[in-house]
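Same chain, two partners: subunit A is paired with subunit B first, then with subunit C.
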Partner chain A sequence: MDALLFQITSGITTGFIYASLALALVMIFQSTNHINFAQGEMAMFSTYIAFTLVQAGVPFWIAFPTTLLGAFVMGFVIERFVLRPFADAPVLTIVIVFIGLLVIFNSIAGWIFGYEMQPFPSPFPHSWGTRLVSAHQLGIAVVTLSVLAAVYLFFRFTSLGLAMRAAAQNPVSSRLVGIRVGLLLAVGWGLAAAIGAVAGIMAAPIVFLEPNMMAGIMIYAFAAALLGGINNPAGAVPGGIIVGVLENLAGAYVVGTELKLTTALVMILLVLLIRPAGLFGRTLRTRV
Partner chain B sequence: MTAILEIRDLSVSYGASRVIFDASLGVRPGSVTVLLGANGAGKTTLLRAICNMMVRTRGEIRLEGQPIENMATEEIARLGVAHVPDGRGTFIHMTVQENLQLGAYGRRDHAAVGDDFERIFAYFPRLRERRAQPAGTLSGGEQQMLAIGRALMSRPKLLLLDEPSFGLAPLVVKEIFDILRAINRADGVSILLVEQNANLALSLADYGYLLETGRIVMHDTASALSNDDSIRRVYLGY
Partner chain C sequence: MTRKRELFAFGAPSATASRRQALLASAVGLLLLAGGAAASDKKYAPGVTDAEIVMGQTMPYSGPVSFASANGVGDMAFLKMLNEQGGINGRKLKLISLDDGYVPPKALEQTRKLVEQDNVAFIYSSLGTGPISATAKYLTDRKVPHLLFNAGTDKFYSSEFPTLVPYFPRYAFQAEVLTRWILKEKPDAKIVCLYQNDDFGRNFVDGLKRVLGAKAGNVIKEVSFEVRDPSVDSQVISLAETKADIIMVASVPARPVSQAIRKAADLGWKPVFLLMPVTNSVETVLRAGGLENAVGAISAAWMKDPSDPGLQNDPDVKAWNAWMDKYIPGADKRNNSYHFPYLKGWMLKNILERAGNDLSRENLLKVANTMPKMSLPLLLDGITIEGTPELRTMRIIRFNGTTWVPISDPITATQ
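Coming up: the complex of A and B.
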């Protein structure tokens, strides 16, 4: 019984990591209808920045927000200078650009930081740990939930957040009310990159730091985004938790650890076959 | 008096196909000017050209003397041009309240925005009742009211209206036009109105232009146009 409970709680905490990365995917999908395949690698690269800062003696709780700021700038710049020239390009071109970004980030990280695994110490005090959840798991829950709450409050209650939602839903009408859609798209990329960086930094103490650390997490995050509803940011959180728990239970009791990743692929397939809008996908009936 | 909007020798195209040919037109401050014409004459295109929206233009467009023909849509909006597009362009997933809030997005005087909510709810009481509802669940007439309300939230100098009567029941149309008249009188907003319903439009307007296959073929005061024989025969139907 304890073992089962343990699998569930640890599934929930990794679920928060998937939820963060899934939210980053959903945010970009909402405003562009594209899935940023490089989201995970951008997060990995940000994690290396945090790691480098911490190695240089910067306290973690200063390195963390500094990295998020750096990730924001990185996302903003990528949108403005890499993706903007392809604004009217066909979907396949954009996919190639994303894959290119993925490969570039992966190679640059390997080139600068090396391919060997680095231990990334958990920033949370050991005293937080209990019999059921480790200190790091509790820390993940606190940090990711705070970030998700902040994102929710930003989009729900600020004028900029409202404008960003408007720009994603209806760019033409947004321009007519004076919203600088292009600028806000870049801001959205910056925010997504920062949220992804949270996922990377929280995941690093679990999976170890190396250039391919986000490959598996990215697939879980994609499953979480689809399951929650690719067009509903609020769905990313339950989506991530469900994926995290199912993954853990399947790994422990059904398919074994080696085949855990296939459960994510099965979930992706099932969602697309049975309910493409996801559990919380929006289908608003409208009158004309 | 200098015109609030002055268009000179404007040509407009979608890609390679030209839709408007050398059109010149002016809107006087505080007036209602109507652009009449049949389906496909280019009325919507001309309105879009003013906001540099989805079209290519050549010629001069001046807002209070300032050239705007090369400005981005969002910057033109920030100068005080509020465009209520065809299809209304409401944010259907957002609430009525949020739609109105977005109308005030470009404004700096945040303190006065609250008063403007009240002003718009006074014009359109039904929007107040439905303020928490997603815009997509409103009826056609209510969505048109919301689109006009959103435009007014920006405190525009110039209101561009693209067929506000389209697809609405006659009673609703009458209600909306009564409110437009009140808005024009009370707030002094200049209006450029595109309409197929010439009778209705001329009853509201001070001045009118007639567009035929991309060219302005006639312009005069609204009362003169209402009495013009050819206009009466073709556009008023009596």
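Coming up: the complex of A and C.
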């Protein structure tokens, strides 16, 4: 019984990490209909920036927003200079650009920071923790939910958020009323990169910092994004938690650990086959 | 010369070749054969001249295990040092190190290029079970030595691959030495295993049970993980439920080991950690899991870890540090891929020195497999090699919170 509770809390924690990365995936999908395969590697790279700052003596709660700002600029620049030239290219071309970005980020991180695993300190005070839920596990939940709330408030109550929603839903009309659609696409990329950075920084104390740290997480985040509804940011969090808990329970009690990762892949397939919009997504109909 | 001769030999019997062409080819072939025989009087393999010995290797400079490609950088640096000291018997050493991306077919393609186009004398220390599997048969068929290869998978140590010369102790030996410690010190302990779901992990679990023999029932739970799993917390929770006394963690990457050490402590479970020699580094594995949580861990060792904080005054470690500072400045000294090249570099030096001027492939193999009894820089006190360069002797070490301390006499694997 004790073990079951631990499996569930541990699943919820990893679920929140999947959720933050899934949120970043959903952000980009919403505005461009593309899945950014390099999202995990961009998050890893941002985490290294945070790590370098902390190593240099910058207090964590200053390094954290600085990194998010850096990640935003990185995402913005990538959209403007790498993705923009392919704006009208076929989907396959875009996929190849994403895979290229993935390999480039992974190799550059290894080249600059080395491949040795680095411990990454948890920013949350130990006193928060109990035997069942550690301080970091609690902290991840708080941070992820705050990010989700911030995303919601931004899109619901700011004029920039409104303009971004308009640009994503109807680029032609938006352009006609004076919204700079291209600029907002880049802003969307920047925001996604910043959210990804949160995911990386929250994951690093658990999975440790190394260039391949996000590879496994990315698969689960993809499952989480699909399960929660690839076009609904609010769905990412329940999606992530369901994936995290199911993964643990299936591995420990049902299919065995050999098929733990496979569980995530089966979930991706099932969602795509049975309910492509996910649990909380909107079903889109295209009128001709 | 050899390569051309074989090309003609293959070309001659072709069904499309006219009789006249076939005769001509045979004649040329015979001439070349004679030339080859004359060359072999000098006892030189391809790639060897009076001034130079050319060798080749493939390394995962790109791809998932690119951290291990530091082995290639280390090999280059060691040869550079030897060359600056005048080379070996007056010959400079040249290593052609190519990227295989850790992809077995690519390793084979690059190895063929090394043998057939670059005419290397032998392959020196390519890395990884996959790439070595892919090239073993080709090198055996071609009778090209692969000296001091980097892998511990048991199948490479069989007589099926006579041109493969090991230096790394095979996994079965590592498992045997660790298990003999359990049998002697904790014969009734309940054991659980956390293992990587592939040949490496299963080799260790099987080895453990085989050596335990009648006591194999003491292994009460085995749980696997995938290298890609972001976390092994869930697995450790399942294992902690058993309240076992010993947990064996068989992993190549560091992450699962560090996570297991930390999670067990979080859960209030205090088993003895039995760690594999490839993942027991204080700096890269234990520190992330929490040094205080790893106290009492057991492992086996044959060489000193030059990054171990407790060994910094050791003369071998000082010499290694000086070598690193001179030839690979700025490198991360904790990466054990910089430790192995130094150890095996001295083995290579010994082999080439004793081969003298008979640098034929046959003689290189013969010399490599008849090492005199010797100790080498960075080997633990009491550890020697003899016969093949494979290290068969290890000592049990225990982690005291800062450093690994040998707690047993040298144990020689027998099975």
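Here is the rule we use: the second predicted complex is superposed on the first by the 278 of 288 C-alpha atoms of A that agree within 3 Å, B and C clash if a C-alpha of one lies under 4 Å from a C-alpha of the other, contacts with A are read in each partner's own complex, and residues count from 1 in each chain.
As a working rule, a residue touches a chain if its C-beta (ideal position, glycine included) is under 8 Å from a C-beta of that chain, and two chains touch if they have at least 3 such contacts.
What you are looking at is a predicted structure, and each value in this text was computed from that prediction instead of being measured.
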Message = Just checking: does A:25 make contact with subunit B only, subunit C only, both, or neither of them? Give me first, second, both or neither.
response = neither
Task = Check the contacts made with subunit A and report whether subunit B or subunit C touches more of its residues.
result = C
Message = So in the superposed three-chain picture, is A:162 touching just subunit B, just subunit C, both, or none of them (first/second/both/neither)?
response = first
Inquiry  = Let me test your reading of the model: by the given contact rule, A:219 touches which partner, first (subunit B), second (subunit C), both or neither?
reply    = second
Task = Scan A:10 for contacts with subunit B and subunit C and give back first, second, both or neither.
result = second
Task = Mind working out whether A:185 is in touch with subunit B, subunit C, both or neither, as first, second, both or neither?
result = neither
Task = In the overlay, answer first, second, both or neither for which of subunit B and subunit C A:170 touches.
result = first
Contacts of A:115 with subunit B and subunit C, given as first, second, both or neither = second
Task = Share the list of subunit A residues that count as touching for subunit B in one structure and for subunit C in the other.
result = none
Request  = Report the residues of subunit C in contact with subunit A in the complex, numbered from low to high.
outcome  = 62, 64, 66-67, 197, 223-226, 228-231, 233-235, 237-238, 240-241, 254-255, 258-259, 266-268, 284-285, 287-288, 332, 334-335
Ask   = Of all residues in subunit B, which touch subunit A in the complex?
value = 51, 53-54, 72-75, 77-78, 82-83, 85, 89-94, 98, 101-103, 105-106, 134, 136-140, 143, 150, 154, 167
Interfacial residue positions of subunit A with respect to subunit C in the complex = 2-3, 6-7, 10-11, 14, 17, 107, 110, 114-119, 131, 134, 203, 206-208, 210, 212-213, 215-217, 219-220, 247-248, 251-252, 257-258, 260-261
Remark   = The subunit A residues in contact with subunit B across the complex are 159, 162-163, 165-166, 169-170, 172-181, 282, 284-288
